[in-house]
Amino acid sequence: MLFREPETAALEALLFVAKNPLSAELLGEILELDVLKIEELLHELRNRYKGDSCGLKLLDINGAYILGTKPEVARYIEILYKQPSHALSNAALEVLSIIAYKQPVTRGEVDFIRGVQSDRALATLVEKGLVKDVGRKDGPGRPILYSTTEQFLLHFGLSSLDDMPNLEEVGLDSEDEAASALE
Amino acid sequence: MESQKTVPQVELPAYKGPLDLLLTLIQQEKVDIYDIPIARIADQFVEAIRNMGPMDMEVTTEFLVLAAQLLYIKSRELLPKPPKDEQGQVEEEGLRQELVERLLAYRTFKQAAQELEALETSSGRSYCREVDVEGLLANVEPEDPLKGLSFDALWQAFCRVIERAEKGEEIHHVEPDEIAIDVMLADVLRRVILHPKGMRFYQLMRIGSRMEMVVSFLALLELLQSGKVRAEQLTLLSDIMLFPTKKAWEFTEEE
Amino acid sequence: MLFREPETAALEALLFVAKNPLSAELLGEILELDVLKIEELLHELRNRYKGDSCGLKLLDINGAYILGTKPEVARYIEILYKQPSHALSNAALEVLSIIAYKQPVTRGEVDFIRGVQSDRALATLVEKGLVKDVGRKDGPGRPILYSTTEQFLLHFGLSSLDDMPNLEEVGLDSEDEAASALE
């Protein structure tokens, strides 16, 4: 256990910097040790990483070795690297709501309803996979038609667009008034 | 000359420049850097360059420049000094002083370089990993951009659109008698579209002026004529109800 | 020692996967621990790596942390990467020491101090990532200014520029004068 310490250190360092898994043969060549000895040192490393306070792990990939992280710590790594997802802007929400209610719809139609340009908000929605291009509208310029995606339905727990609250049912005050007057 | 015998010890490619060579010669002579025996050192310097053999032209030039400087200082020192030539005296001191300063500065950094070299061997040469972030995240689902968003928030966004249409900001900011028919046309159509279950004609009025009513009515007539809006009046005295038709969505082509 | 084991493991994993050194503040945010606690866990890791059979090392670079390999094992890594030892030439070390102590500095200033052209050595240093272009100096020709990089600190096992060996005061003073003569 106490001998071969420098070689164990070198072995660990090699497995640490390796870009691809290293075979026991290659490790043996570099460290000038026979493969059996390498296997022994690898075993020692594997044991060392077993402790709960250790976040590293010896990965054996088709008989070649490399250091990796334990699955238990994966979520922290995700936090480190995940792009903080920015909440959708008000403009994007407005565009999304219009598309949800009146799909398929063109950008020009969305612009008209909102009374302002919606190109940037629309691009964000497409990029985030909430809205997609579903074809082109007949007529001059053949503008692109947009609809919501499955991801949109999934998020709101809707199995289809028919499950969307009805614009007529949810009601606007003035609109309710108007509707009741009508009945 | 005696000094020439010491010169061949010098292994020239090891010199990192003329200052390095000069410094080495001074150290070999074991003389104070502030009190360089210029005549002797200059000769040694020139001799060393002579022994260098073919070298990189630029490097050779740099050695020659310093050699010339040394020889110049040497010649000044050897010349008998005219008693009243104070300016010459000052100039000579200045040249020597400048050389000493450059040597001192160079020596300092040469020593620093040696310390860095020692550090490089003792504590440095640590390697870090080359991290493949994309690979790390390959199995991670991208975060839901709708995370934390309730349906209510989406609905509120829609209500904001409706409110804005109701307010008709561009209408309010214009004097009623300036309301252009096409502005009013878009405004009326937008509001009718947002009331799929119908809205009363009088709801279109915001200001209530006669001009507004006339322009709104003209806009409505045009929308009725183009078939984008449908009007209903159940009884003679009840309100006129306005509904969007399928054709209401054909406005973009006109824009 | 025995509590906070999962956090220690996560900390080690974060330092392992980090692309750049991580500050104690960021680590604290990810692990939901205060900075003091993080420092404590870092101390624990540092001690763990002290063993001769360990090839890793906790690097502290400008107050941020990352895992690296110990200097003792460098030669094995150089064999793995088939790199000749990346020790620097004397000329490169001189140029580097001038840049390190006088940064930001132009090539002309370096040349003046060394009394010799430094372009080749400088190019090597830039290529090795030890030195970088940090802008241009005001004045005729607007020459490029060079400074050392984090890689420089790593290469020499320094935590920060303050850890650099002290220069002889006399040397620096006269040198400043000389350099100012150039400007």
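Chains here go by letter, A, B and C, matching the order in which they are written, and residues are numbered from 1 within each.
As a working rule, contacts are C-beta pairs under 8 Å (C-beta built on N, C-alpha and C of every residue); 3 or more make two chains touch, one makes a residue touch a chain.
On a predicted model such as this, the values are computed, not experimentally measured, just so you know.
With centres defined by CA atoms alone, the chain at the far end from chain C is A. Of all chains shown, the one whose average CA position lies nearest the global CA mean is B. Averaged Cα coordinates give chain A a centre that lies 34 Å from the centre of chain C. Separating the CA-averaged centres of chain B and chain C is a span of 22 Å. Between the CA-based centres of chain A and chain B the separation comes to 29 Å, rounded to the whole angstrom. Each of the following residues of chain A touches two or more other chains: 13, 16-17, 77, 81. Chain contacts: chain B has residues 127-129, 133, 136 touching two or more partner chains. Listing the residues of chain C that touch chain A in their complex gives 4-6, 8-14, 16-18, 22, 30-31, 44, 51-56, 67, 69-70, 72-73, 76-77, 79-81.
Residues 16-19, 57, 59, 66-71, 74, 77, 86-88, 90-91, 93-94, 96-98, 100-101, 112-117, 154-158, 165, 167-168, 170-172, 174-175, 177-179, 181 of chain C are the ones touching chain B in the complex. Listing the residues of chain B that touch chain A in their complex gives 127-130, 132-133, 136-137, 140, 142-149, 151, 153-162, 164-166, 169-170, 186, 190, 193-200, 203, 234, 238-239, 241, 249-253, 255. Contacts from chain B toward chain C in the complex involve residues 14, 16-20, 58-59, 62, 66, 98, 100-102, 104-117, 119-129, 131, 133, 136.
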